[in-house]
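Going by the order they are written in, the chains are A, B, C and D; count residues from 1 in each one.
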Amino acid sequence: MTPPVLEVKDLRVHFLLDEGVVRAVDGVSFAVHPGQVVGIVGESGCGKTVTMKAILQIVEPPGRVVGGQILFRKDSAPPVDLTRLSPKGAAMRAIRGAEIALIPQEPMAAFSPVHTVGDQIIEALRLHERQWRPTGPRLSRHEAREMTVDLFRSVGISMPDQRVDAYSWQLSGGLRQRAMIAMALSCKPRLLIADEPTTAIDVTTQAQILNLLRDLQRRHGTAIVFITHDLGVIAQMARYVVVMYLGRVMEQGSVADIFHAPKHPYTRALLKSIPSLHVIPRTLLPTIAGSIPHPLGRPHGCPFHPRCPDAIPGVCTERVPALRPVGPQQLASCFLYHRDEAAER
Amino acid sequence: MSETATPWLLEVRHLRKSFPIRRGFSRRLVGEVRAVDDVSFTIREGETLGLVGESGCGKTTTARCILRAMTPTSGEMLFRAADGRIVDLSLLSRAELRPLRPQIQMIFQDPFGSLNPRMTIFDNVGEPLLVNGLRNRRARLERVAALLELTGLRAEYLHRFPHAFSGGQRQRIGIARALATEPRLVVADEPVSALDVSVQAQVLNLLLELQTRLSLTFLFVAHDLSVVKHISDRVAVMYVGQIVELATTEAIFRHPRHPYTAALMRAVPAPDPHTPSGDAALAGEVANPANPPPGCYFHPRCPFTTEVCRTERPFLRAIGAGHLVRCHRAEELALTGAC
Amino acid sequence: MARYVLKRLVLLPVLLFLFSVTVFAIVQAPPGDFLTTYVATLASSGSSISAEQIEALRREYGLDRPIWVQYIRWMQNVLTGNLGLSLEYQRPNAELIGERLVLTVVLALFAFAITWIVAIPAGIYSAMHPRSALDYLLTVLNYIGVATPNFMLALVLMWGAFAYFGLSITGLFSPDYVEAPWSAARGVDLLKHVWLPAVVLGVAGTARLTRVMRANLLDELNKPYVTTARAKGLPEWRLVLRYPARLALNPLVSTIGWYLPLLFSGSLIVATVMNLPNIGPLLLRALINQDMYLAGSILLIYCFLTILGTLISDILLAWLDPRIRLDEG
Amino acid sequence: MTAGPPVVAPETAEDRVSVASNWRLVWWRFRKHRLALLSAFVLLALYGVVLFPDFVSTQDPEATDARLAFIPVQRLHLFDGARLSPWVPAVAGKRNPTTLRMEWGVDGSRKTPVRFFVTGYSYRLLGIVPAHLHLLGTAAPDGRERLYLLGTDRLGRDQWSRLVHGTRTSMTIGLAAVTFSVVLGVMLGGISGYFGGVADVVIQRLIELLQSLPTIPIWLALSAALPRDWSPQQVFLAITVILSLVGWTTLGREVRGRFLALREEDFVLAAELAGASRRRIIVRHMVPTFLSHIIATSTLAIPAMIISETSLSFLGLGIRPPAISWGVLLQEAQNIQTVALAPWLLVPGLIVILSVLAFNLVGDGLRDAADPYSQ
């Protein structure tokens, strides 16, 4: 297998607040291989968006990456640890936008309302020009505009000539997200991070955008980290899935394993509790007891133990389980599968 | 069928609500957004009618008109009051509405904005009781405590403020408040869409249980088809201010007759990697309710459009028992549902 | 855009009419009129004036006519550019006001320029380095700046200059140029003197603007579009200047609408303290002496400047913000 | 090992927060701003002076004695040797034979002892109770030894006592004018925001009109229009009204905006659906929600009022002598030659700055704490 484009190892991002420390991301590890779509799924406060920001090194204070590695690999060159680069330095900026691009959550707010959509894409094109086109004359504004029009056409925006000069608030939600995708793809990145790209969009438009992303991914072979809380979207988009809860990875594995043979009690309960189209109407759903704890009131031991039906008293309440293999390509952090670890004191 | 035997509780006839578009200094009228455009349906006692559609389709406006949080432009909303009288909600003044308010209650979408942060849970839940005449504080305390127990909360939380609760708990408090006056009709506007996935099921289950226990009638507004399927007896699908299809949940999900309903179901991504969905996504975007297309509002996006769809506006008509659809070609199309 | 500007221009005469009525009502409000004050002044200095003479004067100035006739006469004159005769100085008001008006505007514009040149970079710096030492220093200075009435600042500066350097820092010209006709040398002399009153006048505004800029920018820095721009790999300073600073500036542009007028009229107090030859002290004197046409004219000029300031800011805002420009409203 | 009992401490802390009302949360947040808290104490002290000006004064503020003009500030020493026994150096005047002006120097040989709670000129406490107790004074009450904490002005009046009385006027006028503005602003803004329609349009236009008037000249013109023969009380009231007539617009806008936003709030709709009356919705749901904001905004509006009053009085168009305000006191400092001779005449200006600073800090602290439910 080819080496991964991105390898996150034991990443820790903490927020130092007056009230205490929020461990937003607390020991997260996963890898993304070229051309692979890795889904990160979890509920609010699970740390998926912070993980995304950490990869791009745009965590805002009071948040700080306090540990772990983010290894980014370019072709056969040795990997770069992004956490070692200065977040505002030139090396990191050369990667941001050019090598790793972002599709943000709210296409409405993600564009500046006082600059045309085209302007903002042209800027990205010209900024990283030397990286996607090492030779040739400098890109003129006119040329960049033509390329933007082409990009718009390739993401299925009708009348691209006119749309380039539009402001984001003049476009519909679907068009805005397409424009955002065009911008993310403009510099031919190696890795795309999609942060809940369809959450703010209606379901029929969501289907269009998901199709577009799938199509572009197949065509360009871009690796994607797809972040969402929607298990349906993840099942349709990802090949490999990371399930997060309160800053920790509960389970990860191939999409088939996660959906058909989930091991971690959280994954299993979550899958059972979601309403689906394939049920008899008006039946009670199995539920997960309790609610997600406040980030400052994180439970001791395994973060899921207060809601877990299978919690082992005295073990899960005391110690944090490590992420360990439970199948050929599947890992879970749960003492149920690691009795040996649970036994050692 | 026994369902037809139960009397209706609410009958909405030709409901319209339009918002004027004003421009310029003189605020002159340049058009109108027909948010709700000739909507008719009935809700029988004890049933749940799901009202589903994408954003801007008019489902929330319909709900707010029924609650008289806004006044409809035209149409009738006949409500069978507890004393057996039939009143047209659309014609009532503020003062005339007040005695009816306890009978029609609402569950809100946003668990954070719907409780007054400056009042304790007791004051929030007890308010409908207080303003409707239960002045005795002790009696109110007992009643509120019972309501909290009913919705699965501990009675000792009574004197806490909303900021002490999680989203799911607040939604339970909101439900307790809605049930305080023993309403006959409960309008739930996206009650679970702001909640985390793991909490959604809890609240849906609670609503189902309460309905059986208290024989409640629900109008359930949502954009999420799977949620609607879980809770509704019958489902109405809206598109650009109009109902395009209305039938029993079973019928509409098994055999949708309107292309939009079918497309909506197909668009929902299945939480199963072996069931690919959404491949044949609907093209185009939702029509602008300020300037809808001629003919069938759905025709620019419909894969089955013919000439008649472009020119003639279809009516909502019965096709089979209790199955209404607004499509010229409903009979000839063979659409697949979700189950 | 053109329609937007046009609409605001149409509003201008309406506003001016309303203001002229208000102003006239105010200058008419004191009991008695100029002549009563005049007579009183004469009486206190020992001389007297006969009843017939008073009547004649009253008729001459039209003070015996009904109020609305006086208003119409005044407006007729104002509209034809005739601001009337000062009762006290016995000179045409236009002549009295003329140069002083120019100096008022020059002073206000200088103060305005100083404010923006200092406040915007300071605000941007503070927002980009919150809780840094310089941010704290700027915050302290801003609080003090806002808290100091500008006449107080003027007094302290004048006292300091006088007590420690023996300098008199009043006026806008060196003694040689006070009465001189306009020339390049006089202009240079003005530039040499105008900056100090301009600084005094602008301090409070600068402090306020810095704080607003800082707060606005801090708000904007949290917006998703900044994350997008950052994810694009833009250098930080370029990113801030191009996106959030630009958006944070928009609400500030609308403050020009009240800030510029505030400078026009705020200079009144500073001018009185520092003895500057602008229309402020003239108005003060006219008000005290009930020289009503002079006071009225000056007040009307202030109103006009105020409307002009608002107009400029509205147009600038529309020009800067496409959301306003492209909304056909 | 079994699961231990939950840790007690955080649990109780959380319970405390759970049952904490809005005002308590605001107070907890406000308390964190050290400077705001300090400023609040400064303001409390100043309003203490406002309540009991004569008690704090050392001499009758109106008493003039031309022979005692321009006595400089006497430095208050707390310790006499090692003993706590406050004293001031005695002053001695000598007439300069050429300028014929009194020149004051310190008489190093004599110390004037200073005592707390001494008897002095008589006054009425809170305007009712006759009293002659004063906070500070010299030990010898026969009038030979006097205390000039802030020196004297050109008429030999004691600056400290005048400043104390000026504080009463200026601090009261700021508060009164803002109270007036709040009443006007809340009423008109409330009508505008809650009922909307024609009333809204009319009030909005009125606010726009008032806001586009040049404030300072109009203030001056209105003040100049006050009859010369009005009593100080009448003038005080009139100035208050003039200040608030222009000042209410900002508050009116704010209140209107809050009402408009609150009308859309779900919890307000919930109350409406519960069948609550309009009055109840406004009083129980809307007003408490923006009350803390209104208080913060009003606090921030007071300094502007104080500066306006001071400026007006300074120009001779506001509070008029014999009434005393900070502006009136600063009139004494209008002449630079005089200031150069007696720089202590600028002290009232420092008090203006101090009080405005304190109001701004408290207001900012309140504004930040006003919405404990944000974030």
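Methods note: a residue touches a chain if its C-beta (ideal position, glycine included) is under 8 Å from a C-beta of that chain, and two chains touch if they have at least 3 such contacts.
In this text, all values refer to a predicted model and were calculated from it rather than measured experimentally.
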Interchain contact steps from chain A to chain C (minimum; 1 if touching): 1
Pair of chains with maximal C-beta contact number: A-B
Cα-centroid distance, chain C relative to chain D, in whole angstrom: 27
Chain centre separation (chain A, chain D; CA means) in Å: 55
Chain centre separation (chain A, chain B; CA means) in Å: 33
Chain A, residues touching no fewer than two other chains: none
Touching two or more other chains - residues of chain D: 14
Sites on chain A touched by chain B in the complex: 43-44, 172, 174-175, 202-208, 210-211, 229-237, 255-256, 259-260, 269-271, 273-279, 281-288, 291-292, 294, 307
Residues on chain B engaged by chain A in the complex (per definition of touch): 48, 54-55, 166-169, 196-202, 204-205, 208-209, 223-227, 229-233, 249-250, 253, 263-274, 276-279, 281-283, 285-286, 338-339
Chain C - residues contacting chain A, complex: 222-225, 227-236, 242-243, 246-247, 250, 320-323, 326
Chain C - residues contacting chain D, complex: 15, 18-19, 22-23, 26-27, 29-31, 143-144, 146-149, 151-152, 155-156, 158-159, 162-163, 168, 258, 261-262, 264-266, 268-269, 272-273, 283-284, 287-288, 295, 298-299, 302-303, 305-307, 310
Contact footprint of chain D on chain B as seen in their complex: 67, 69, 98-99, 101-102, 104-106, 108-110, 113-120, 124, 127-128, 131-132, 159-161, 163-164, 174, 177, 181
